[in-house]
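Quick one: the structure is below, and I'll ask about it shortly.
To keep things simple, chains are lettered A, B and C as they appear, and every chain counts its residues starting from 1.
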Amino acid sequence: MSVLLKEILHNPLLWLLVFVPALFVGQALAPDSHTLLFVVSVLAVVLLATLLSHATESVAAKTGDTVGGLLNSTLGNLTELVIAVAALRAGQYTLVKASIAGAIVTNSLFMLGASFLLGGLKYHVQEYNRVGARLQAGLLFLATVALLIPSAVTSIDSASRTTFVQSVSVGLAVLLILAYGLGLVFSLKTHREFFGSEEHGGNEETPWPVGLALTTLAVVTILVALVSEVFVESVQEAATTFGMTPAFVGFIIVALVGAAAEMASAFSGARKNRLDLSVGIALGSASQIALFVAPVLVLLSYVLGPTPMDLQFWPGAVVMIFIATMTAALLTSTGRSAWFVGVLFLMVYLIFAMTLYLLPPRVSP
Amino acid sequence: MSVLLKEILHNPLLWLLVFVPALFVGQALAPDSHTLLFVVSVLAVVLLATLLSHATESVAAKTGDTVGGLLNSTLGNLTELVIAVAALRAGQYTLVKASIAGAIVTNSLFMLGASFLLGGLKYHVQEYNRVGARLQAGLLFLATVALLIPSAVTSIDSASRTTFVQSVSVGLAVLLILAYGLGLVFSLKTHREFFGSEEHGGNEETPWPVGLALTTLAVVTILVALVSEVFVESVQEAATTFGMTPAFVGFIIVALVGAAAEMASAFSGARKNRLDLSVGIALGSASQIALFVAPVLVLLSYVLGPTPMDLQFWPGAVVMIFIATMTAALLTSTGRSAWFVGVLFLMVYLIFAMTLYLLPPRVSP
Amino acid sequence: MSVLLKEILHNPLLWLLVFVPALFVGQALAPDSHTLLFVVSVLAVVLLATLLSHATESVAAKTGDTVGGLLNSTLGNLTELVIAVAALRAGQYTLVKASIAGAIVTNSLFMLGASFLLGGLKYHVQEYNRVGARLQAGLLFLATVALLIPSAVTSIDSASRTTFVQSVSVGLAVLLILAYGLGLVFSLKTHREFFGSEEHGGNEETPWPVGLALTTLAVVTILVALVSEVFVESVQEAATTFGMTPAFVGFIIVALVGAAAEMASAFSGARKNRLDLSVGIALGSASQIALFVAPVLVLLSYVLGPTPMDLQFWPGAVVMIFIATMTAALLTSTGRSAWFVGVLFLMVYLIFAMTLYLLPPRVSP
């Protein structure tokens, strides 16, 4: 514990953690000042992310980048799962689906692109294990096919369609979870020697003890979940005052803040020339949401939701997920990166963000 | 001939070849017991496939995997051509197109994926000649463009559309056959040194004499064609009793049984660490159907059919062929395989199969 | 100047340059004989292209293939820009867009494919720098996403759509120009060592002096622009007499003649085993049109045009650009080429050309 205290005293940024209790006090006293709650909750999330990132790296130092990246993605997505389950209970399926699609696109384009750019501004050329990137891209491709096929095969009409979409969604959910599980067996067990990253020298800071790191991971994850809930409540109202469309808020703002924790780790990995960690977090998080979180939510909706949720997404979202997958597959096939690769990723993301920002409200999902 | 007899006596499975004459007797005596005929014909096809596979391997031992794979695909697709010509005469164009699309998808996803999986369960990592896979994927891509463009360029309406689709189809058929022919010149003649497979040691069984192997190939191919006809007649009725949709029968069941012979060879190649043979058969067969069988059927329809057949497929089929091509192109670009690569192929195939199985009958092609 | 004269005397083809003044005389005397003007203008363009190609190679000999290719593309596209600005002034946005789409497709499929084929007929296997091809394919992919997303995200309806499309188009134009500029910084400045081509021995003819080469480049470019204007005026009328559809003229004929100058250089590079020059010209020209010429025209339309022009293309054109980009990305990823790679490119182009040729006039863009 004293290490954590020392870290907090040592790092002035962490003093700002005071925003976390401040947020809860604020919510209790002034639940209607949405813009204030929005700003404070964003700050709190970003600060907690700094802590989470340091804790993850300490664990990754023991486990290697593959497991470290998986751990980081899983903890990051746990908060998204917690929020989504709350929305599921309330039957807000449009919100749930928008946040799923937004998270996939944000992780595979923005998080990965910004990592490549930040790393590339410091190092001339960076190398990473392309076998890992290829596996994640393959999994994302599979999820894209699952989202694409039901709509491609049927035309829009009829009563029999609803039954069809629901039963297909359950089947797809089971297949995707199965594929994700087998992917873990493959990368962590039977062929794990292909997914190790190269050693990048010992220029690391002293990592925290594993016990402290794990405790921090758990506690901070819970805090992030609590803060995120305040954030989701306030963001819609705040967005309208800032003049943003609901599509932009759902896909971009919520996804960016929801991924803040993973981003801090991915960016820090890139700046330390540990791109395997960045790629593992960014693509690993995207494929985990697509092949695990989304299917689990479909299955949970039969238990928790007012009606079953299906896997039928807004066509615009399916196209964006398809393009994000293609971008990741095309641009990570070499295992080498320079700053302009990051620019290409970010440009695709900016095209999406701008289009959603300008979208007339009536057309949005 | 005595070698064949010895083989039959040696291999108890081959005793079951008695099913072949049994089937013809059964058809003559009880033409209405569809379920029985269906089961017996499936058994007969699978058994004949075992013989065919052994004969092919004996020829391939002399000619190398490239020519062996081509020979196997061609003989396998010959039976499909025979069946399709019968359907063409009867003007059943929907059935013809469904079986073409089903064969492309089944060969490039199921046959290839199962080969990778079966090989991967025995060998940790397998290598194959990626130049060959790349050529076949390029040819498949070309066929996909040919199926895609006419629909992409016109909207659905008008009388002038029928004339347009028919004349475009004839032109596309000629272009595809030309491309296929040039591809053979390229891979078998001008640049054949790039398509040879590595030597995989001499742990083969003694191959049959070439004369016997070629005779067996010819006779068994004819038998498969005869048995297939019984199968196609009985499958529709049998399917309804099993509760399958017509789309599922056309795309999946007919395609799987129709490709049984090639599959036996492809799987056996994979288990013997001769993945070049497997890839050659699976992708070679898919590209041969797309660039040779289908175009030939379009041209033949002007001579044999009641009206001209065009190359305009059901949009769902075009999307599935496009995805199958993308999957093959993305996953074979490395020339290395492990069991999970097979799982990815099979998962895409399962998504297709499940969606078609659940499709409401009215929506199907 | 005497070198130029000697070249003209030395090379009998160049005597035919007399067609250039003949064309202007013809236009003044007989402005209505469209077919004659069409034929003479095509001859004049092709002949000027020969000169342009020689001049470019002389400059490239000093600057290397990357800069040489860029210079060639830019001068080639300058004429296209000049023509397009004239059409823009007249508010002929359909023509402008068709020529943009046609130029992208023609450059990335026909010019590149014919280069690979011509080179491959002379050399068994050719190598080129795949990093450069990859960069251009990445830029083209970005442009495709920009053309695709606005249509994918909105459905066709409503008044608010026009405003949306216009504001999105301006934003996309700025993003694409920015990406193009950063791409130049990347390939010519920060990472230029990756884009150099291998030395291909000194079997070159003596290059012209740089001063002469640059002057020739400038003068011939202007002549091409003047001749092109006569060509565009006469082509529509001539096409109707030859029975061509407007879509075929806009996409194929205009694009082929408009790119004649670059093609001469690209083909000559391929025949001299300098594929880096060919790839640089073909893909570089395509990406320059997509990421620089088209966006600049959108922005210029606010100043010069009667109404703003948007980036919304005919869906058929978007599909063709998408397929052309995919083809280039898939087939250039190895950095090796043989004649059949060229055949594949040309077959995709032929499929497009034939479909457009047969398109019923009412359906065209």
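Keep this in mind: a residue touches a chain if its C-beta (ideal position, glycine included) is under 8 Å from a C-beta of that chain, and two chains touch if they have at least 3 such contacts.
What you see is a predicted model, and the numbers here were worked out from it, not measured in a lab.
Enquirer: Roughly how big is the turn, in degrees to the nearest 5, that lines up subunit A with subunit C by CA atoms?
Expert: 120
Enquirer: Counting shared numbers against all numbers at the contact of subunit A and subunit B, is it over half, same, or under half, different?
Expert: different
Enquirer: Distance between subunit A and subunit B based on Cα centroids, please, to the nearest Å.
Expert: So the centroids are 41 Å from each other.
Enquirer: List, in ascending order, every residue of subunit C touching at least 2 other chains.
Expert: If we look for residues of subunit C contacting two or more partner chains, we find 333.
Enquirer: Flag every residue of subunit B that touches subunit C in the complex, lowest number first.
Expert: Residues 134-135, 137-139, 141-142, 145-146, 148-150, 152-155, 158, 160-161, 163-164, 167-168, 171-172, 175, 178-179, 182-183, 186, 190-191, 329, 333 of subunit B touch subunit C in their complex.
Enquirer: Which part of subunit B faces subunit A closely enough to touch in the complex?
Expert: Going by the criterion above, the answer is residues 124-125, 315-316, 319-320, 323, 326-327, 330-331, 333-334, 338-341, 343-344, 347-348, 350-352, 354-356, 358-360, 362-363.
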